[in-house]
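Heads up: the structure comes next, in structure tokens.
Naming follows writing order (A, B, C, D, E and F), and every chain is counted from residue 1.
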Amino acid sequence: MEKDIKFFTNGKRIDGRAIDELRNIKIEVGVFKRADGSSYIEWGGNKIYCAVYGPREAYPRFLQKSDRAILKCRYNMASFAVEERKRPGPSRRGVEIGKVTQGALEPALLLENFPKCMVEVNIEVIQADAGTRCAGITAASVALANAGIPMKELVPACAAGKVEDKIVLDLCKEEDNYGQADLPLALLPRRNEFSLLQMDGDLTEEQLEEALDLGRKGCLQVYEIQKEALKKKYITEDVLNE
Amino acid sequence: MSSVLSDIKKDYIISLLKNGKREDGRGLNDMRDLKIELGIANKAEGSCFVQIGDTKVIAGVKCETGAPFPDTPNQGVFTTNAELIPMASPDFEAGPPREDSIELARIVDRGIRESGAIDFQKLVIKEGELVRVLFVDIHIMDYNGNLFDAAGIAAIGALYNTKMPVLDEEGKKTEELMPLPMKKIPVPCTYAKIADSILYDPSMEEESVMDSRITATTEDNGRISAMQKGDVGSFKKEEILDIVRRSKVKGDEVRALLKEKFSEMR
Amino acid sequence: MEKDIKFFTNGKRIDGRAIDELRNIKIEVGVFKRADGSSYIEWGGNKIYCAVYGPREAYPRFLQKSDRAILKCRYNMASFAVEERKRPGPSRRGVEIGKVTQGALEPALLLENFPKCMVEVNIEVIQADAGTRCAGITAASVALANAGIPMKELVPACAAGKVEDKIVLDLCKEEDNYGQADLPLALLPRRNEFSLLQMDGDLTEEQLEEALDLGRKGCLQVYEIQKEALKKKYITEDVLNE
Amino acid sequence: MSSVLSDIKKDYIISLLKNGKREDGRGLNDMRDLKIELGIANKAEGSCFVQIGDTKVIAGVKCETGAPFPDTPNQGVFTTNAELIPMASPDFEAGPPREDSIELARIVDRGIRESGAIDFQKLVIKEGELVRVLFVDIHIMDYNGNLFDAAGIAAIGALYNTKMPVLDEEGKKTEELMPLPMKKIPVPCTYAKIADSILYDPSMEEESVMDSRITATTEDNGRISAMQKGDVGSFKKEEILDIVRRSKVKGDEVRALLKEKFSEMR
Amino acid sequence: MEKDIKFFTNGKRIDGRAIDELRNIKIEVGVFKRADGSSYIEWGGNKIYCAVYGPREAYPRFLQKSDRAILKCRYNMASFAVEERKRPGPSRRGVEIGKVTQGALEPALLLENFPKCMVEVNIEVIQADAGTRCAGITAASVALANAGIPMKELVPACAAGKVEDKIVLDLCKEEDNYGQADLPLALLPRRNEFSLLQMDGDLTEEQLEEALDLGRKGCLQVYEIQKEALKKKYITEDVLNE
Amino acid sequence: MSSVLSDIKKDYIISLLKNGKREDGRGLNDMRDLKIELGIANKAEGSCFVQIGDTKVIAGVKCETGAPFPDTPNQGVFTTNAELIPMASPDFEAGPPREDSIELARIVDRGIRESGAIDFQKLVIKEGELVRVLFVDIHIMDYNGNLFDAAGIAAIGALYNTKMPVLDEEGKKTEELMPLPMKKIPVPCTYAKIADSILYDPSMEEESVMDSRITATTEDNGRISAMQKGDVGSFKKEEILDIVRRSKVKGDEVRALLKEKFSEMR
């Protein structure tokens, strides 16, 4: 997995960023007609769409919960979203990401308002470039808001990582592939708790703490971008409605 | 839709059609707004986003190399796949009618393959052994009627947008890029038959009450390269010929926009 | 797809037929005991069986329509029906042919007599030799009649095509593989409308018109053969019952 | 069938059997009319249609070449597949009990494979590298009881009917044809046990009420090459030996018809 | 299939056994907590676990029988139970063995006590060494008893076979692979009837009779081991409960 | 479990936890009895049985040779599969939640792969052409909570237990055996969060009412090689750091038992 890469030049990272700097992020809200809520995110080289349906009656019936709605999250990568063509259809990786995405988003939603119902989140990656799961969660949270699903707070997500023994924010492709650790995080900003936490690589306890702190800062920046996108959507609509 | 609601909607749409009108104000021969964007996914060798009204489709092309089929040793391999992902419609979720996506993929595939749009012989690297293998994958993102035209236009757009690596004598990729050997721009035009009216580019509402559906694919030279009657229902000969005539005109309009996009690309 | 083939010799086609001549067609009615209706067709080198079950209650339940029966058509090719062994089980090609077969047959049936029911058509190709979908529709329509499914009319089917710039009837294997266009058609004879129409290849508007006219004539000949087969079945049974 | 109806039917069949009679008038050891037709599908290298009463089955053989299995480098490859297609029975439609078709295919497969009916070593083209690969595909067309015998007879018939291309030294097909290297004609005989009666060639009605089922496969020389108890139920030793004795006689009768058909073929 | 193997030396078989001698068999009862009944068998080199669940309501619903419980038997081989890795998941071989296992066990059970229910038997082969189906049936019968499923009798199973024209009991791997016939049997000891009977190979009528007799003797020995295992379980529990 | 019963159980478990107690009498940081047995399946190249309380898991390793992945020509291939077989739980039967077994396999896989436990470069036979291919298959035999730790420990145990054939220059197996090139012993420790308590090695009862779950994998040197939050719920930074600290201690205890077993093996 290791490769002879020079990750830092004059304190700048391989793509020119500072260690605590996010890639460019752009979020659009309400991009689809058919879905109840939707969003589009560009995050570095990632391009991801999200559509939300629901709440509606859950089926198959045996999935229904008598005290709240269930949340289904589907993460899919287009076959042409990566260098080597991916076989169309569900993959083991996609299934796992769908599962952790659900776990990351559900604590922020008031699903108890809708017993026996389901809310479906569909995340479609059109162009992949490291960090798709964080970008997908970020977009999904905005699409859920756009669908009017009642929520306690938005869920921003962002990875921290370790490269050449330095803790950095929001890994790019090379850092992800050849770095020392990757720590995708999702934050519940008001509760100040992490609802997504995965880690692969090699960290000391101190590095983990540093990475959690830096990742939290990144999430809070993403949070601002999420709010901006939603605000812009409302304002635009208000202007149009006048 | 319950059949009662469906009947009411159908009656309303028919009563409008008697006066030559459609729910959304279009004439029988009008397409909704068409938007084409090339090169929207840079990991794909070629890609195209197509929007017809609120229907949104993305097509991507991936190029690999591999063995040709035994019965066509002197031709490249071409595969079309369509995904009616649950993103695009609440109905795609409930055990999606897989056969719809198969039909869609096969119609798009044949519309391109049989029209001779691609010079498959130029995709041969070493006859009988190594050829280019093209995958066109079509993602339906937002379903609001007339997938056939959106998917067909996106596929041909993505193919014209494709830059694939030039190969050296041993079949290894070089840094240089080259376009696909494209020869024609086939464009599908789809019509719904409702009562006795035949309307171009049906909306989702119109599709939900239509008696039958037909797609005609034409080329630059005004020739017909593919037709497909879909769903239940039937067509008179005169209706078929009328559809073909209309498709030549509408197909040329779509082709003009495609050509404009292709020239911007260079 | 092109090949150096001489398609015409002294005005005769590669298999000796005139341009408007059908291959030999033989239809048998009521060939199976278990099915509610059945038929067997030999059409040139094609050998195809058809069995019809129904009307019976549709399942799974969510498929039921409150105002009429649904029609399910299954087209299957035996693995040994073609030169190169076909993998057993459903194929994408088979799924599409099943779908257009259903579309071709349904307009001729009075399915509104049987709400919540289904009628199942099973087409099994034992030997394939160009034109299986038209032969299958032709056989299926006869099997539906044999099953006593109420219908407005029989549905004959037949392909027209273009070979060496000539419009010909009922393509044989070589013409299908190496010709310029193939136009499988199914006709509703009383309404004079086409309920199957597919086309691949290259036709001018004039050629399309010529092909539709020739195909219609072919369908009408097939129609006579269908009626003969049913008549023969009834007469034979009448004789046997005396 | 509801269990009440089933019970009534069972009582009726048992009361007949007490007098040594069957619903259709046959004796306990009688087969329904057997019809065998060879070479009915000319794209197959070999094919056979078998009718036992109203049960109809078609078997086809396709020959390819390929690598042998690593543990049998000096033997050809042989695969049997059975399709209980919905054509044959309204019950096969409703989510067909896949395991029935697997059991059927495996019993037919073993009946041929283990009996040494085929000289697998003569199917080797180049040891450890290239061998003949045989596929026997069995289609159940009309299901009216006793699939095991119909399928087994059709499979052995299709194998004897097979003409495969002679290969040149490089393993390429020539125009010349040759038969398969067949050595034996194993014939399966299936019995239903109802109450204490054991009846040959059970009809669908008899199968629906039987307590147990057993198939014995015998060869020309009277030896037993395969047995399989099916379904629930159990057999005494004496019953098993009686079945084997009866199967030798009945197997010879079926073999006689097969041999007649094989000789006509030449 | 034949190989130059010397199957007998001084009247002893390849693994030192006499022709009518079983391999070592060890059965443990009640090895799992979650299952309603369970067992573990070591039989020669075979290691097999069995777990029984039920009776409980049968699903899917359409499988329910109004007059008795259904018996589901699942036979699975771990991917690492054999020399060449087996692909995980169900195989055609496993499906057939599950079916004959069900047929062998069901006649001994009083399933009519539990209409609309199902009893599930899960057999998991961890190490395979010839004769897994007989060992599985033997273990399953004990696990069914451990689960308290009412039964008329236990079902022991054991194979006979033919090697160098001699009838032998309980084939070992080499005898199974290169011998002349294999005859797996299950016995209903009280009724003295066989509920499993399969045979592949080549036997005369006389050899078949000899093999049935020898196999029956083997089954009766296995029967004693089954009873011992159950007795030991009860005694141990009684001691513990005092 | 119905939600009413679940609520009652949850209340009970929480009330115990307020006093630092658990249903089965353990402290928050106690593991149930751990039992490890190596080499329990002799057809596998390596195998391990792990029991944590009443949870029982078996892992087996099979070694083959094959082509490396194109993007890692200088590394062996490693695949982890987990089977939540119906043997282990009545719930696995009813259309098993496939995604649970995928998640389990992926977490175990990453815990071993990313920790550098195996020296993948030493598994190369001929760079870019032939490498060792390792399969770890995990069978859940009896499910009573905390599969993640049981599966992870079984996998690493089976890998250390593995003896694979030494290959000659041509890549052919010799009679000689060698161990896998193992470098580290990563051990996963899983915690349930219930109300505000965080308990090690949750039982099935505790899992059924937990708010969230987290697994931390540590190595000999006290470093963290993998973490995974599972299910719904969320964790404070302080909780995460506390979990990591506890995992170092508990991981060392499990590692000590593993090392003892490994040394017995020689």
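Just so it is clear, contacts are C-beta pairs under 8 Å (C-beta built on N, C-alpha and C of every residue); 3 or more make two chains touch, one makes a residue touch a chain.
By chain, UniProt protein names: A, C, E = Exosome complex component Rrp41; B, D, F = Exosome complex component Rrp42.
A quick note: this is a predicted structure, and the numbers were derived from the prediction, not measured.
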Joint neighbours of chain D and chain B, given as chain labels: C
Touching groups left behind when chain A is ignored (all other chains fixed): one piece
Farthest chain relative to chain F (centres taken as mean CA coordinates): C
Furthest chain, CA centroid comparison against chain B: E
Which listed pair, B-C, D-E or A-B, duplicates the contacts of E-F in over half of its pairs: A-B
Averaged-CA centre spacing for the pair chain E and chain B, given as whole angstrom: 58
Distance between chain centroids, defined by C-alpha means - chain A, chain F (Å): 27
Whole-Å gap separating chain C and chain E, where each centre is the average of the chain's CA atoms: 52
Ring order of chains, beginning at chain A and proceeding to chain B: A, B, C, D, E, F
Residues of chain C touching chain B in the complex: 65-67, 84, 92-93, 95-96, 98-100, 102-103, 106-107, 183, 188, 191-205, 208-209, 212-213, 216
Complex interface listing, chain B residues touching chain A: 40-45, 47, 54, 56, 58, 60-62, 64, 81, 83, 85-90, 93-94, 135, 137, 139, 141-144
Touch list for chain D against partner chain E, complex: 2-3, 70-71, 94, 98-99, 102-103, 105-106, 110, 114-116, 212, 214, 222-237, 240-241, 244-245, 248
Residues of chain C defined as touching chain D within the complex: 32-35, 45, 47, 49, 51, 53, 56, 59, 74, 76, 78-83, 85, 88-89, 120, 122, 124, 126-129
